[in-house]
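Take this structure, written in structure tokens, and hold onto it; I'll ask about it next.
As written, the chains take the letters A, B, C and D, and residue 1 is the first residue of each chain.
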Amino acid sequence: MRRRLGRYRRYGPGLAGLAGLAALVVFPLAVSAPWLVTVGLFTLMYAALASAWNLVGGYAGYPSLGHAAFFGMGAYAEAIWWTHRTAGSGYGPFWTLPPIGLAVAAVAVPVAWIAMRTRTDVFAIVTITFLFVVQTLAFNLRGLTGGAQGVAMPVAPFTPATFERPFYYAMLALLLLALAMSYGVLHSRLGLALTAVRGDEDKARSVGVPVGAAKLTAFALSVVVTAMAGGVWAYYLSFIYPQFAIDPLLSIGMVLMVFLGGRGTLWGPVLGAFVVAPAQQYLAYRFGASQLYLLAYAALFVVVMLVMPRGALPTLRDRIRRAEARA
Amino acid sequence: MHEAVQAVILGVLTGGVYALMASGQTLIFGVMKVVNLAQGALVILAAFLSHSLFTAWGVDPFLSVLIIAPLMFALGAAVQWLLLRPLHQDDAALLSLLVTFAVALGIEGALTVVYHTDYRTTRPAYVDRSWRIAGYQVGEVRLAAFALSLITLGGLWMLLSRTRFGRSVRATVQNPVAARLLGVETARVAALGFGLGAATAAAAGAVYGMVYSFNPNSHYDLISRLLSVVILGGLGSLGGTVVAALVMGVASSLVGALASPVWSDFSFFVVLLAVLLLRPQGLFGARLRGAL
Amino acid sequence: MSGPPLLEVRALTKRFGGVTAVDGCSFAVRRSTITGLIGPNGSGKTTVFNLVTGHLPADSGQLVFDGRPVTRPDPGRLYRRGLSRTFQQPRVFGELTVLENMSAAAGHDWRALAGRRLSARDAARGDALLAEFGLSGHRDTPAAELSYGQRKLLEFAALLMSEPALVLLDEPTAGVSPAMVATIERHVRARNTSGTTFLLVEHDMGLVMRLCDPVIVLDGGTVIAEGPPDDVRSRPRVLDAYLGG
Amino acid sequence: MRHPYRHASSSRALFAAVAATAVLVACSSSAKPSSSASSHAPLKIGISLSLTGDFSDPGKSAERGYRLWADTVNAKGGILGRKVQLSIVDDTSSPTQVVGNYQNLITKDHVDLTFGPFSSLLTIPASQVAKRYGYAFLEPAGGGPKVFAQHLHNLFFVQPAPVVKQGDVFADYILSLPAARRPKTAAYPALDDPFASPIADEVRTRLEAAGIKTVYQQIYPAEITDLTPVVSAMAAKKPDLVVGGTQADDAYRMVKAMVQLKWAPKLLYLSNGANDPHNFPGNVGASNVDGIFSSGDWFPSSNTYGNAGFLSAYTRKYGGTAGTIDSTSAEAYSCGQLLEEVAAKTGKVDNATLISALHTGSWQTLEGNLSWNADGAANSSYVLVQWISGKMLPVYPAGRAQHAPVIAALPWGG
């Protein structure tokens, strides 16, 4: 028994990961219903966003409430680039995503450099202020963004039956990228540095940990994924407005998912997104009319914070560890 | 010139109302290091209660504060006691941010169920009256609102500086550990502090309901401004908050009148970010954070 | 061995509001010594530590470390140059394992961020130091689970990963058991023998008298005495300072 | 290395989650699609409305209109013998949700037809989904320029004309005045919103062409709580006419600011907000409304097709008086009227028939007689209204007027 468990521990995670990945790859092919693929694609989007947020909010302990601004910048960059171009085969807009991700990250670094002079609570407020600044710019720089009138992108010429698939796989690729980053960070010295920063930043600085470089790198990595997700979202909707592209509720959604699943863990954000995102879509579709939707959402939030403040995975892991210790 | 002076007058009056709204926020931060994202929702809740009292029984909005403030106090104390106190200490700052956001959502949801999303205004008979002072129009309601803000802020200051409760609060603000050792029951002080912060929202809400139109979503517009005021004022400093609120009121009003209102919030946010760049502790932040 | 001092502090001054915590403080730490920095409570010892290591900006004064002036003291940069410190309350990274704590303090700069979380070299050196400090048994436990004394040891051991020239110890034995005091004393001696210079803030006079030479006495933010422990102990100004004046 | 071990349990959890999803998927995809082919099956119409979030009040008004129409038509035996069954879902005022909702309605619930959402901002993404699956998209609320810039053949905006044209009727009225009585100068404050500022722009273009000088022009943001700075800057320019591109609460705020500053132009037109008979007096004060112009698509007193029946059915079902009915309900109801007429005329209610039929000829609704161009914009016009003795009355064009326009000082001016 013990040996079997040991072997599971060595190979289990990899196998489970592969099986999960295979299920996600096959999903849109096996499931023909477009609405399910749509639910899947938004779930993957949130999983990628939550994993990306986790790099900053979880590993480094800097709870950014401004990530929706980078999502919006990615969305606007994509939309503005393509608004007067034709999509051709429809795959072109996916290829502009990597440069957009990098460009937005380049903008994010100086912002983070300023914002990260402050800690936790103030940092959260500064970043949400930044979000409002970006939203105001999206409204006011009419020449560039179209202001409140929004920007249109070319509509993808994919066939209706499989219209969602390219977007789905783009989001899946982003999730994998975010997970690869997470994994890479955890297993590199950067992860060590970030955990040190989260624990005691001043102490980390005093023992020569390159605190600034570590924080900025994590932030930049996180923004790359966030901005690209914004780009895919914009292309999928084909029309964006400032208040939807740069939406504080998107930031809050990322935070909720990460907290629900478990901060600073590799799989926690994914778990959180896989629970919350479909539930949110389904509940609104099914029970939204009852008006109690917001109240239910608030209640869920409070329960999570009070019952498992560290998130589902760490709480679960503790249970298992305690049970094994007893055995 | 005339426009600029009129804008400054308006800005000061508006700033007074924001000072009142933000004073509760800064008090709550000072006592508990909790960034209360529900403060805007509490103000809107109070605005609805005051509106209902006025439309149903004709209670004057200014008098309604006397009825609403105790209710809000109880609500605030309950939020702290039931939702914030049990939070895990290590992450209290971050978790409380999320819990208070959930409270804001909850209040918004409840208000939507009861009142729907139509805009409302509380309209006592004097709401349209205004005085002409040296060629400038000054609304009576705004002046009264400003006066109420001053009175409430003054009362708050008296309470903090002259009473035993106030001393406990200030002790908790400056050093919670030492305060506990000296026999201050910090959990109770925190609940009272949160209650007090919510009670100031009662006054702010009654005023807000007369000066502006509002619906359950209005708290989103409020909260970013309140947070900026509180940070600019140096998190937890009552005097700093008042000054920051006036700065914001005047700046927004001037930019709105002389340049364009689409840039007025923006310019304030940029000022805020610039200040943080130079002085991360805010304009008036004491080195030891949280001197009320 | 003499020659130029390892650390020179000249006319260092720091004010907090109206209070001058450090007032024109000047002293030097010679190589290979264990220098003691003593003084009554509130005499500015910890503030001097904070100024020297860059944890607080000084209002005026100069620092020279290892023959080079330090114009803008930055804790991280000084650490990598060989000047490190401990804190009164031991500060370790609770979520990292004991070995990872060692690795975190190895003083790598940003270029190493992309490397492995725990390089083989760091692990080997960390293991050697943990063995020296008797912490090998805790190698893989999170540091949060260590006892107070063990955390003090870990904090001290971790600094040595950077092969520091000068270590500033802030009350290394405060709050630990007599047995742990002896252990710490042994480690300081051993390290000093192999070439590390120490500057110690300490309230345990017995330990200071046994361990330190010279001793610098601080009062009101200025140096009032300096010299071998027995000599310093007998000076009337020092007695006044301690007995209250 | 502790990490692989550390993640063991989490991978298990993820695997469980994926497995659960797979099971869920297997179950739901095996659900049988409803047989919409049968001629006696109910006619299912899918609609996503903003029942929560920013747009929830108008969303609910639209819901009332849709449901009222469904009840009315079912009482008459349905459409071509099929009972109408509405599937109304909530999009929480979010574009992500609205796309998912229409997709659900079309590909999961297999509705026969779709009607539009309430919020205009959500119409564009929603209409793209409808187009993808070849559904006709009768929408009561999305009339901004960008809606028509999509050039969708399946989209029909069920209001008299694109929103941009809402102020044209006021410009027509001003230009119908003899030159001596026309205002000389005008100010154009407008909300930064796709359905507000274009109205002011359109009126400005026309009045400037007629020689009325623009002395003030300003866009203000939606989150502005206080319009006093704007109004005081505007008052300093002393315009004869103020044309406000307003939406709802900003109209209230503008009037309140004018009242507080004791300043009034000779003529005041507010595109929206002032045309809400129920909320406008409550927010600005009943004594402050007289003389204000606005315009709209539908009013309780309209003499359009089926209006009398609509009014009585509405008050019977929901109570209240005709004066409290929101025009959104009438717009939603009109979508149903169109469906009924197409069915009666062609004997069919499929999407292709609906699209081709509506593109030919003119159709009667509560909104007036409508016909559409290729992009889905109707070619009719709005009605100018004015508050006279505390009542909002149609005053222009003459054909629909119930009272002549009154030019008198606004109540708070002086």
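Here, contacts are C-beta pairs under 8 Å (C-beta built on N, C-alpha and C of every residue); 3 or more make two chains touch, one makes a residue touch a chain.
Keep in mind that what you see is a predicted model, and the values were worked out from it rather than measured.
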Chain D reached from chain A - shortest hop count over touching chains:
1
Name the chain whose C-alpha centroid is farthest from the C-alpha centroid of chain D.
C
State, to the nearest whole Å, the distance from the C-alpha centre of chain A to the C-alpha centre of chain C.
43
Please tell me the distance, in whole Å, between the geometric centres of chain C and chain D computed from their C-alpha atoms.
72
Counting in whole Å, what is the centre-to-centre distance of chain B and chain D, each centre being its mean C-alpha position?
35
How many angstrom between the C-alpha centroids of chain B and chain A?
32
Residues of chain D that touch two or more other chains: which are they?
52, 192, 221
Contacts with 2+ other chains: residues of chain C
118
Check each residue of chain B and list the ones that touch at least two other chains.
112, 220, 262, 265
Going by the contact rule at the top, pick out the chain B residues touching chain D in the complex.
2-3, 6-7, 10, 14, 112, 116-121, 123, 127-128, 130, 132, 137, 139, 142, 211-213, 215, 217-218, 220-221, 252-254, 256-258, 260-262, 264-265
Contacting residues of chain B [partner chain A, same complex]
33, 35, 83, 86-88, 91, 93-95, 97-99, 101-103, 105-106, 108-110, 112-113, 220, 224, 227-228, 231, 235, 262-263, 265-266, 269-270, 272-273, 276-277, 280
So in the complex, which bits of chain A are touching chain C?
186-193, 195-196, 198-200, 202-211, 213-214, 217
Residues on chain A engaged by chain D in the complex (per definition of touch)
8-10, 12-13, 16-17, 19-20, 23-24, 27, 30-36, 38-39, 42, 136, 139-140, 147-150, 152, 155, 160, 163, 186-187, 233, 236-239, 241, 243-244, 262, 265-268, 270-271, 274-275, 278, 281, 284-289, 291, 293-294, 312-313, 316-317, 320
Touch list for chain D against partner chain B, complex
52-57, 60, 192, 218-221, 223-230, 232-233, 236, 248-249, 252-253, 256, 259-263, 279, 282-285, 288, 412
